Amino acid sequence: MAQTQFAFFPGCSAHSTGRAYTESFMYVAERLGFEVSEIPEWNCCGASAGHLRSHDLGDALPARSLALSEETFGDRPVLALCAGCYINLRRALVHARRSPEDLARIDGLIGREWKASAEVMNGLEPFMDPEVQSRLSSCVTRPLKGLKVACYYGCAMVRPRDVCAFDDDEDPRSMERILSLTGAEPVEWSFKTECCGASHQVIVQRDMKPMVGRILENAAAAGAEAVATACPLCMLNLDMREAEANRQRAELGKPPLRLPVYYFTELIAASFGGKADEIGIKRHFTPAVETVEAARSQGVVA
Amino acid sequence: MRIGVFVCHCGSNIAGTVDVERVAREALKLPGVVFSDTNKYTCSAPGQESVCSAIKENALDRVVIASCSPRMHEATFRKMIAEKTDLNPYMLEIANIREQCSWVHKDREQGTRKACDLVAMAVAKVSCDRELFTTNLPVERRALVIGGGIAGIQAALDIADAGFPVTLVERESSIGGKMVMLDKTFPTMDCSACICTPKMSEAAENPNIEIKSLTEVESVSGYIGSFDVTLREKAKYVDYDVCTGCGLCETKCPTKKIPSEFNQGLSTRTAIYKPFPQAVPSKPTIDAEHCKKLQSGKCGVCEKVCPTGAIRYDDVDRVTTQRYGAIVVASGYELIDWTGLYGEYGAGRYPDVITGLQFERIVNASGPTEGHILRPSDRTEPKTTVIVKCVGSRDPNKGVSYCSRACCMYAAKHAHQYLDKVPDGTCYVFYMDVRCAGKGYDEFYMRTLQDGAIYVRGRVSKIYPEGDGLVCMGEDTLSGEIVRVKADMVVLETAMVPSRGSDVLASKLNVQRGPEGFFTEAHPKLRPVETNTAGVYLAGVAQGPKDIPDTVAQAGAVASKVIGLFARGQIESNPMLSKVDVSRCSGCRACVDVCPYGALGLVQANLRENSRKVTRTVCQVNEGLCQGCGACSVACRSGALDLLGFSDEGIMQEVEMLCQ
Amino acid sequence: MTANLTQQIRDRARDLLQSGTVSCFIAWEPARFEHWRTPVTIESPDEVDRIVVDEWCDQLIAKYALQRRGDGRIGMVARGCESRAVERLVADRQVSRQDVYLVGVGCTGMLDRDGGAPLKKCEECQRRNPVTYDEMVGETVEEPRPYRFGEVDRIESMEPEQRRAFFDRMFSQCAMCFACRNVCPACNCRSCFADAERVGWLEKDFGLDASRYWGLMRAFHTGDRCIECGECERACPMGLPLMTLMHKQVRDIDRLFGPYEGGGLSDAGPDPLRSYRTDDVEEFM
Amino acid sequence: MDACSESDARAQAGEAIASITEDAGVNLRDCYQCGKCSGGCPVAAGADLTPRQVIRELQLGRVDRVLGARMPWLCVDCGVCLARCPQSVDLPSLMEAICRYEVDHGCAAVREGPKFMDIFLDNLQRKGVSDEVNLAARYNIETGHLFQDVGGLPRMVGAGLIMSGGAHKLEDPSDVTRMVARLRAAPGQGGAGDREQQGNGGGR
Amino acid sequence: MSVTSDAVAAEARSRAEGAASPEGGAGSPWQPKILAFCCNWCTYAGADLAGLNRMNYPADIRLLRVPCSGRVNPQHVLRALQDGCDGVLVCGCHPGDCHYVSGNYYAKRRMMVFKRLLEYSGLRPGRFQVRWISGSEAGKFRDTVVSVTEQISQMGPMASDAPSLEALAGADALLEAARGAGDAR
């Protein structure tokens, strides 16, 4: 039986910068029969500030939300769409499972009896089940025929291995498998797990500048017409800073990249026939509607 | 019981600190002791003579000699008793009153008291001793060599040249191993095939050597001098007695697109094939997996064209059993499968990222590119080549923790060969250390630097395609600069790992393997080619990574061990072995679990118990395999197992005597 | 445990005997006094009504299988302790698993035939449900897995002299009757080291040294194979707390060599003291 | 390289290095300086020290060169170095431990780092969740980067990405408040002192 | 059959007194008796080397040669401790260097558990020790003998470890508390 019930950890971006991800995910989830329930009274995972301040704070912040989920939903897996939240929740979970002493320490920090029994999943994992995939295929009414897409995972979903363990850390393929069901054509490229620097855009913005550009350039060189992500931080970073990358290219006399960036769920939703304003693609910096519509118009189902 | 005690002065070595006369007097008070005496030097000829005559004159049935360490003269005195008296040589115990008494204690009174105690303990033990007998086990003067690489060939030739028959078993269809795939050998750059193929044909022509290709060891039983080995010779589908090796079948076979193993997948072969022209045996076999006739029944071209009618589609595996006196393991190595480990190097997706062995084939004049350096993707000459060392080696995270020893040198060789053949090319070598300890090795490395190879100290972190080339990212750790080298071809010098199936072979032979999977020698310094299973020897990379000169030297050493064993013709068994009392044994298997030599097994035995005949499972000791460590006798809870020479009772009597 | 269970077991025993699946069936039957139960080996379907299975079945019956070795398949009621005992006998190669047919039952603990208090061994029980069985009768029960090292904690916290006094007093009361050995499923040797007269492991003088030697060495022989059934303690006519020696070793082995709940299972590989890892902790440098 | 100054420096730096490596759970002796970490590091090319050099300096006891460096603050915790390191040296953990050491001792090489952390945790302590707009505004004012990323603001607002209401609010964030307050203060006097020094107390 | 606590105490005391006036005769002070089981290939060779180097160490130790530390049966150890040895040492090759491949690994596990059991039952720590000493470690052998002899000398005779009457009386109460609901009651 495929897992279809999830405890939802939205994270601080779900209703703001990551809104398009939430909308498109929910659009798809509804059609695939997922039951996604928000964890009551969840709190911020601490981002990078929590564990920078102290190991204990880094464990306690995610653990509190996971404990609340366990109290309400038992063993139901916790779904964290944001890769930053995902890695923080996973890390606390892995720490708690290291030994009974560690679990007791963390339980002491949060003042709750958490058993660390439920799994933590990222946005891709619910789609990895063969049953879900066959249901997904059957929902595709407007395939994105031939849309060449570079699947971008970033760093936090695949590393470190002992925390994530969900796909290969150098050459993951989950998103490719999912998106190929929509009719899109994933391209082979080399920078799918390179970091985009999103987490440090605030404090050391200058140093992070080259990172977005080289990822997008590698995708374009591999023949991609679009980039797909599964993380709101990556999305905002790549989408918002593509213009900056193009300015730098202009200085070097290179033509601008025209690579819309999508959440992979937006592409699935699009292949389900979702309207542009229901599935988030109007909320982007780099214009994103046209590319999808063009692909969909080619792929009318017989 | 008539025990005699002989106390040695050892000049003043013992007598200086120990009152030996008092020790002898005190000994007479011990139960069973009927005679005691002292000697100036017991080990000298007059000393030995006096002990022997005392044994005879007093009809002694047990002897204690209080002298130096048993590690020094126990064997001497045993031999003396065996040769000069009627006493069984195992009715002897040594009390060590020199190394462990007179030499380490200054106080005469304390030394003397301790010597008395040590003699008393020895007397207690000797009273439990039983007569033991050595047996001479015959040695079957025939050797089995497992693995037909250069190590196995050399060992087989050396043993055969001494006049003893050898069976050389090779899993593949030709002997030659890895060496015959190499182009040149460092540091002299002589042609590898030119020195390896003559050895191969020498082996084929030697009347004492039987080469069995496509053959694997099925099972092994027995012990040194008489191993019974069952071999499985896979069906070849060609009758070698009839086949002349003309090669017509190969030219006509319609299935031509099979990647060639010999050329490391860089060219193709047919379904009936010889792996390479100089193969030994020089006759083809059919690859059943790819043969149309054997898969679907349709084809039969080779049978039609064969001028001698040698094709046998109904051929089957042949299983034979033969007795051997010694076994040489020369099972070699293979290269680590880097594609499953290094996603950052493309995991095998980029055709122009190749292994060192593939490079050997590319640079070889009889290889797929006829010796022109052309990269696999588009058959163009790479103008920039990057060589990456330690791929898999020294990498406990992804590969193996050890150094593969030969790569530093063959990386230099590859750089040299590349720059030689592509004079306008650029060659980078990414390295961590350059290890060139060997005759002429460092000179060779220096020459490669003079050839223009650019050595960059750092591990390549990532390889990715850009345009029609490959970018190698790394740090030049000597300058601290991050470097990105755009290359046309990348050569990965990958780690050597034990050949597949080593684990199974090890358990068949009951030979230990180290944590890295290579076979373990009996002693790293002093017994480098023997194993802990007597009669099984190691040659070549099976024991650990090494280069060709070391491999050949080791093969020679193995041969001399085997020849020495065969020259003796028989081996004397150590009688101080485990012994089982089946009436006490409940067959629980605890002993089998702890025996490091596989000397214990469970058998069905017919016993009489309470005047009833019963059949039940009990343990059995294989005296050829048992080395007398005694681990089983402690693991055995009921005391059914005991160690002769160090029996439970003997040790108990020693303890009791000391406690009195 | 109800009358219903007794009936269910009788039914199963009858079926198994009638169909020839088993040649005999081991369970309990009432004995001379009220609440006394004694092991019984039923060989005919007509006799199954002798069987009773209730909260007074204080004895472990698994070892009775040894008496029937070679007589065909042996049926048996299997609570947690019986099933682990069978696993032990299988691991020690005294019976093969196929030779035993286990009718599993969940167990919530037995009562003392004198007075009806819960048995100490049952209060410390780690496996109320069978770990292996061929069929289950009734539902599995909850596994509370109570803490069982309280006595060990207490003794470990004493000074050596107090510990010595404790065990001197304990062993001085040992009657050397070997009841502990006779009931223990791990004591399945054909002949016991204590009976090896030639070596003379056990001193002939009957005294504290001899009984301490027996007590400690028997404990050590079974320490890495103890299934913690508590039978030694129950059977001891002097009521000595023998399990404290077993619990001590079980916990030490667990801490030193990795997770080990005592006794292991037949497919768990060699017993801890008959195996090793090269990276075992080192304390003897 | 002067042998005497080397050994003197090592003795003095020993304590700081021990504290950092213990916090990080890293054994500096594991590293044999192959540089695979740095070759794949997304930020090493523009940094003052490469990740390998950070370890090298610590191996040699030159902690002062590390505590003044930007590299630890540039580390994005992407994990490439650890994933590829032959010796599995946990560099991200080491980098974070260096930053934490600097925070605790009030000597952060990138002053924006502790500032951002404090503002973020202030928000978190008050509400239990992060408030991106407040965070960005306060951060830009307090660090003087007044116009960082303001170019994107109108578009964000327009696309409903921020300030659209609907943000998550805890009904009762008091247990988060207490937990964060306690654990922010816990790691040692350094943390509290650091905040005091910056006039930016955590418990408001 | 039952033995009263007084009888046990009396037995123990008389043994302690007997030990105080040693068998060596009047006047000579008590000297510990220490038995060392040594494997033939490493520790015994190391002891020989110590002799060859004329290293000096106390004369209270008696070596008992066995082929391998894996041959040392805990039953022999306990017997020695019960029958008059004041200390027992078991020595073998370092793990990994066993002449018989793995004997000392088994010995190590066995002795770790057995030592804990002995000390649990009241043996004073130090009376039973295990060490790995190689054939080249003559100095380590000497140092080990010196330190073990010193420790045992300080502890005094084994018989002096016999518990006092108060301890035995206290033990009765503890023992009563520890009894299971056995048939005996």
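Per-chain residue numbering starts at 1, and chain names A, B, C, D and E are given in the order in which the chains are listed.
Note that contacts are C-beta pairs under 8 Å (C-beta built on N, C-alpha and C of every residue); 3 or more make two chains touch, one makes a residue touch a chain.
The structure presented is a predicted model; accordingly, all values stated were derived computationally and were not measured.
Identification of common neighbours of subunit D and subunit E yields B. The interface with the greater count of contacting C-beta pairs, when A-B is set against B-E, is B-E. Chain B has the C-alpha centroid lying closest to the overall centroid of all protein C-alpha atoms shown. In whole angstrom, the spacing between the mean C-alpha positions of subunit B and subunit E is 40.
Once the centre of each chain is set as its mean CA position, subunit A and subunit D turn out to be 24 Å apart.
Remark: subunit B and subunit D have CA centroids separated by 53 Å (rounded to whole angstrom).
Separating the centre of subunit B from that of subunit C, both taken as means of CA atoms, is a distance of 45 Å. Residue positions 45, 80 of subunit D each touch two or more of the other chains.
Touching of two or more other chains is recorded for residues 193, 201, 274-275, 278 of subunit C.
Multi-chain contact residues of subunit A (touching two or more other chains) are listed as 169-170.
A list of each chain pair in contact follows: A-B, A-D, B-C, B-D, B-E, C-E.
The touching residues of subunit B, when paired with subunit D in their complex, are 344, 390, 394-399, 432, 457-462, 473-477, 480, 482-483. Across the complex, subunit A meets subunit B through its residues 168-171, 188, 190-191, 218, 221.
Across the complex, subunit C is touched by residues 515, 583-590, 593-594, 602, 617, 635, 637-640, 648-649, 652 of subunit B. Residues of subunit B touching subunit A in their complex: 342-344, 346-347, 349, 462, 464-466.
In the complex of the two chains, the subunit E residues touching subunit C come out as 1-3, 5, 8, 11-12, 74-75, 78-79, 82-83, 95-96, 102, 105-106, 108-114, 116-125, 129-132, 161-164, 167-168, 170-172, 174-175, 178-185.
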